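In what follows, chain A forms one complex with chain B and a second complex with chain C.
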Partner chain A sequence: MTKTRNAARASGVVATVSIAALLVAGCTRDSSAGGPGADDSASPGITDDSISIGISSPLSGATAGPGSCTIAGLDSYIEAKNAAGGFEFGDGKTRQVDFTYLDDVYDPAKAVSNFRQLLNDNMFAYVGALGTPTNAAVMPIAEEEEVPQVLLTTGARTFSSDQDAHPWTTGFVPTYATEGRAFGELLANANQPLTVATLAQNDDFGQSYLDGLNEAIEGSQVKIVASATYEPTDTTLDAQVTELAASKADVLMSAVSVTPLQVGVLTKAQSLGWLPRIFLPSNTSTPGTILQPGGAAAYPAVYTPSFSKNPNSPAFANDEDVKAYNDAFQKYGSKIATTYTPHCAWSYAEGAVLDQAFQGMKEPTREAFMTSLKSISGFQAPLLLDGITVDTTTKDDAAISTVQLVQYDGQAAFKPVSAY
Partner chain B sequence: MSYFIQVVVDGLSNGAIYAAIALAIVLVYRATGLINFAQGGMAVTATFVAYALTRVGVPVLLALVVAVVFGFLLGALLERGVMRHFEGGDPDTAVVATIALLVVLSGLSAYFFGYEPHPFPSLFPNRTIEVLGVFVSLRSIGTITVLLVVMIALQLLFRSTKLGLAMRAVADNPRSSALSGLPVSRLLMIGWGLAAALGAIAGVLVAPQLFISPGMLDFVLVYALASAILGGLDSPIGAVVAAAFIGVVENLAGAYLDFIGDDLKIAVPFIAVIVILVVRPQGLFGRKVTVRV
Partner chain C sequence: MATTTAPRSTTGTASSATARWKGIAAVGVLAVALVVAPLVSSPYINYQLSSIAVFAVAILGLNIVMGYTGQVSLGQSAFLGLGAYIAAYGILHGWPGPLTLLLCAVVPAVVGMLVALAAARLRGLALAMITLALPIVGVPLARRFDEFTGGSQGQVVSWLRAPESIGLANDQWRYYVVVLIAVVAFVLARNLVRGRIGRSFAIVKENEAVALSMGVSPYRTKVLAFTIASLLGGVSGFMYLAIVQYTSPETLVFATSINLVAAMVIGGSASIVGTVLGAVYYVLVPVLAGQVNSSRTALISGAVLLAVLFLLPAGLVSLPRRLARLRSSRGRPPQPPAHPTTSDEAAQPASAPPAATTDQHS
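What follows is the complex of A and B.
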């Protein structure tokens, strides 16, 4: 049932089609397209036995790895469920999910044209797309057309912090502020005077970490003694690290999103003889690509947030959900994503949340879908760490709003954090 | 004081990265009279060859040698197969063709190796030494040493060898050179080959720091072009001095000018570049072009 268009191979065709779709959408859009007020008739993209779901994520370009995983995990969940008979809906019907995915190369303009193309192909809802700039570009259109743009794979607060203002959009993964806050709480709970140096990307990504940290350490004995920022285009961050090292802070929060730069931070700080405890964001803390090349074992502790089980880890080999994921992924998802990033596990869990939303959906409309999606709480989705649950009922946070800190074990894995 | 020196040293090691690519730009400009945007693409492609070899266990130094040879052949082939069709035409067309080559080469690298950045083994030990409270990495020292050697070699090539003289003549005035019996096409081919070979050296030098990926040199290219132009575009020494200048000034501005900080520091050297070029349009070390009527 999956309609795939591998735009990496046929990007020219897709581009042409997108432009055509854009023109068609612009010329033929009629007022009923979004379906507001069409209370008793079904929304576009849903019939008695099928519903169509779309996504646009990077399948080529620098973010292709995580991008393909946001599709592969979701595809695995959907196709496995389709093969097992289909999804049960709250209106008593069972439907197959048509899943269409397009490549946007992390380019906002492309994401917009993909979104329009999907709409034109009768997409019911847009689910799980990766990327802050791309989703930010799509959001106003989703709002105008009243199409669900939900369970997005981005930690930016924009998509979750004010759901009354943006009723058609929700984020899935914990926000960057949540990650920063978790780290701040660890420090504040240490109940001792601690000095912190911060290095943050000069945009919403970095600022969210700082905000979260600041909220958590307010009124505690933890003080930020040095701060630096950087641009993602910088060639090295040596200068920033030198500046921060001069503070001799006990702790470094390195909210850096670029792999080589994060490795550079880890190597530079120790080369200056500065060995703070370090906090890394969840997306730049992979042992194989960041911690080992950066020699992170030299530091007294390296912390990072986590909320999902790693299906490749022997620790979870007997976990039922992990087994189900691995079977489904091998059968379906592995055709889309060749290497594992945590996004594969996240988007699989997201499929289960979507399933929940379908089960509570009383009418075949987008409004009913949004209502059902926003009333899930305490749901232990597969692959989420024990104790981390999905709660979509808050109006100002993503579907997952807690993380657990883990600590680098000096080799290729993480262990739980006891205390600072 | 040691903080000041540390900031300068960090700036110099950044500058070394810009200088590596700037030297290759200068070389191809001296040899062909063009600014070659494909320089970054050729360097990355050749570096990927070295990367593939190190992955199967070949020592870095040997991989570098193979990459240099591959780079030379690649550059020569691109000149012969693509650029030759634009020679003698509008130079602007040729420059656009080099941009097209950049895109194609990046795409090819990505096709074989993907877009994810990979760690690259260093030619030099990944250690730091401490001199009077200042920490310098052996990698930076090694990179700077190699660059200085390359710079001197290039200077000698263009100043003191017959080949260099002939290449300069061809770049300067291809038609007269042809009439004087110089093998113009072959010299251009050698020029491109040398530039790509130098790109391979530059790529292998900077890849341990930047991680190898098809876009590895995209941003460095901007700094490198600025360095090459500030240095005078035809002067290897100028390119290296200018690259060091940009690296150091950028870092000093970030460290000491609070109102500039890390956000705006990159603007400082570029404003300086504009001011210098207004005062001295031929660049720091460039020759003034005079046309006698």
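What follows is the complex of A and C.
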């Protein structure tokens, strides 16, 4: 009895093994992932009437605010254009864009997983993702699979500085060094002896700002008289600010990326009676969350780099692009991002750059897309400040490589800066 | 992995022979499935399966120190990150793979042992605080020593390509490497927790005074458990680098530790099968939540976590038993339900202490 049962079990195992062996022999993995309806020459993810675009950004966790905005702005542009009939392509066809977005919680392993998932679902190109470590993890796979990973919302130089080595990757927003350089130029052009104190995050984020500043002030009358660094995990920067205040420098460059710490710097310096002119990075200069709580109105001037219009500012209320953005955002983007960060405006502009790239695309392939994307120059994308244009033809810089310095007006907005 | 179903006794009775056949069959089917899966799956599926193997090993370490020995550890991500950084350093400097793997096991084990030598004198919250400090100290260290770690931009390491002669794709080759390491780790861990050392873990968890009276040093046992957990954490770091091909300070953030602890509890504390289920949960729930609504992944994951803890307090591993009990209690309502606290107890045949028959079913 037992014997027959055992025999039955054993034959069951044998059967399973043989089925498995047949599977191995019979099912070779389908490596060509061309979508239905695509002709042989087309890349995956594009058909005669649709193209699929993917993104993975943090939608939960500490960077959820900017992360959601990198999706919401892009989604607003794409859905509004889809609703208006679709995108015109260089090959004469009109296509709808399928936009898929995933949450990676700023975790590189999840970003890789999401990227693989999007590829599995026939993504044509990966556009606009936020985050330095997450994009760095995705970059080698994009290269290996020859998938465009473009217009990234990160100021790290890795993604733009050597486009011959990384032909499938481009950055969109100005690099951190560009921001630091813009500030250095303002000081150097003042043509007077100035002393500068710097406070920077102790990593390549902070170092990029310092590099940019140093490049610009080289040979001028501007001198750095005090420097301090901090760790993003620090709970307060009071010690660093006190040390810098002792230098009585005319100017403070506060390359701090953490919102509460930046507020702390602004409140601490004035409580010590030190009122320098201050430079803040574009990431941490939002009036509502940083300048007003930090009492920035007390300082003689607070500068920050900018390249986009703030759609909530009354100064731009009658601007056509801002109106179009606000309508589209109300209808589509507000479901994804609830609070405004500049990333919403940036990613909307990014949608327009993508549109340009589509218009120049002569064939439905990823190669043609990259060629077209890298030949845009002098393009005035919506929501960019006047005088700032998109130029993707350089081999060593992001799509937007210039910034304008703006100055806090003491309330809830910025005004242009002419000179120091 | 499924070796837990293998029989322990080798007496020649008919029933144990049947059980043994059953076990061998289960192991055979599982082995075939593990071997065949990557050949018929897409690179994406292979990446997910490989991720499950990676985090299963990290959770296995955590389970040894928390589930089996009953000590709190909130620092597992630090060892995972340490392993990943050692692997990255080794590969970028051209060290041979096996040597790198060995170092990824030994160095974190030594670090874990040094920490444990001090920390294991403490218990409860104090111990939790010490382990909590590891990832919190680790992240700024990883950012600061950028000549070793690549700073906050991390390090891309392109390696472990499939040898030309084998004819496998890279994702399949990496899958086989990490799954092989995981299977070895699980077999060793299973033997460990079922043997003398496992029994000393259990008695230390139960009552340290009793352990002392039996000649088992609670201190040494705890240090050993921590060392093994750190070793497995380091090995999982090596595997992490094998599939992600990238490491950065984000690898060792504290949130990863907490998520690993949650996954361990959800899978089933002090259970080998539960460890695998926990890893499946860790990898798949965020993916599934993203399928439902990408903007609400944290909310959905949290809801799933609460649901599992309410419905299956002993973890996913207790699901079959829970279903069986529901079925039998529906047949015979007066029978009191068993008390599901840990799977250690649950592993015994369901003997229901009357005192514990509270409102489990309400």
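Note that the second predicted complex is superposed on the first by the 380 of 420 C-alpha atoms of A that agree within 3 Å, B and C clash if a C-alpha of one lies under 4 Å from a C-alpha of the other, contacts with A are read in each partner's own complex, and residues count from 1 in each chain.
FYI, a residue touches a chain if its C-beta (ideal position, glycine included) is under 8 Å from a C-beta of that chain, and two chains touch if they have at least 3 such contacts.
Quick caveat, the model's predicted, so the values are computed rather than measured.
In the superposition on chain A, A:139 makes contact with chain C only, while chain B stays out of contact range. Using the contact criterion defined above for the overlaid structures, shared-chain residue A:202 touches chain B and also reaches chain C. Of the two partner chains placed around the shared chain by superposition, chain C is the only one that A:116 touches, whereas chain B remains out of contact. Once the two complexes are overlaid on the shared chain, A:61 sits against chain B and chain C alike. Touch criterion not met for A:189: it reaches neither chain B nor chain C. Of the two partner chains placed by superposition, A:41 touches none, neither chain B nor chain C.
Once the two complexes are laid over each other on the shared chain, residue contacts for A:107 go to chain C alone; chain B is not touched.
In the superposition on chain A, the chain among chain B and chain C reaching more residues of chain A is C.
Of the two partner chains placed by the overlay, only chain C lies in contact with A:336; chain B stays clear of it.
By the document's definition of touching, both partners, chain B and chain C, reach A:231. The contact surfaces that chain B and chain C form on chain A in the two complexes overlap at residues 60-61, 202, 231, 233. Contact residues on chain B toward chain A in their complex (touch as defined above): 3, 6-7, 10-11, 13-14, 17-18, 110, 114-117, 119, 126, 128, 130, 135, 137, 209-211, 213, 215, 219-220, 223, 250-251, 254-255, 261-263, 265-266. Taken together, the chain A residues at the contact with chain C in this complex read 2, 5-6, 9-10, 12-13, 16-17, 20, 23-24, 27, 29, 59-61, 68, 101-103, 105-110, 112-114, 116-117, 119-120, 132-134, 136-137, 139-141, 144, 156, 158, 202-205, 231-233, 335-336. Contacts from chain A toward chain B in the complex involve residues 60-65, 202, 228-231, 233-236, 238-240, 242-243, 246, 259-260, 263-264, 267, 271-273, 289, 293, 339. The residues of chain C lying in touch with chain A in their complex are 14, 17-18, 21-22, 24-25, 28-29, 32-33, 35-36, 39-45, 47-48, 51, 136, 139-140, 143-144, 146, 151-154, 156, 158, 169-170, 240, 244-251, 255-256, 283, 286-287, 289-290, 294-295, 297-299.
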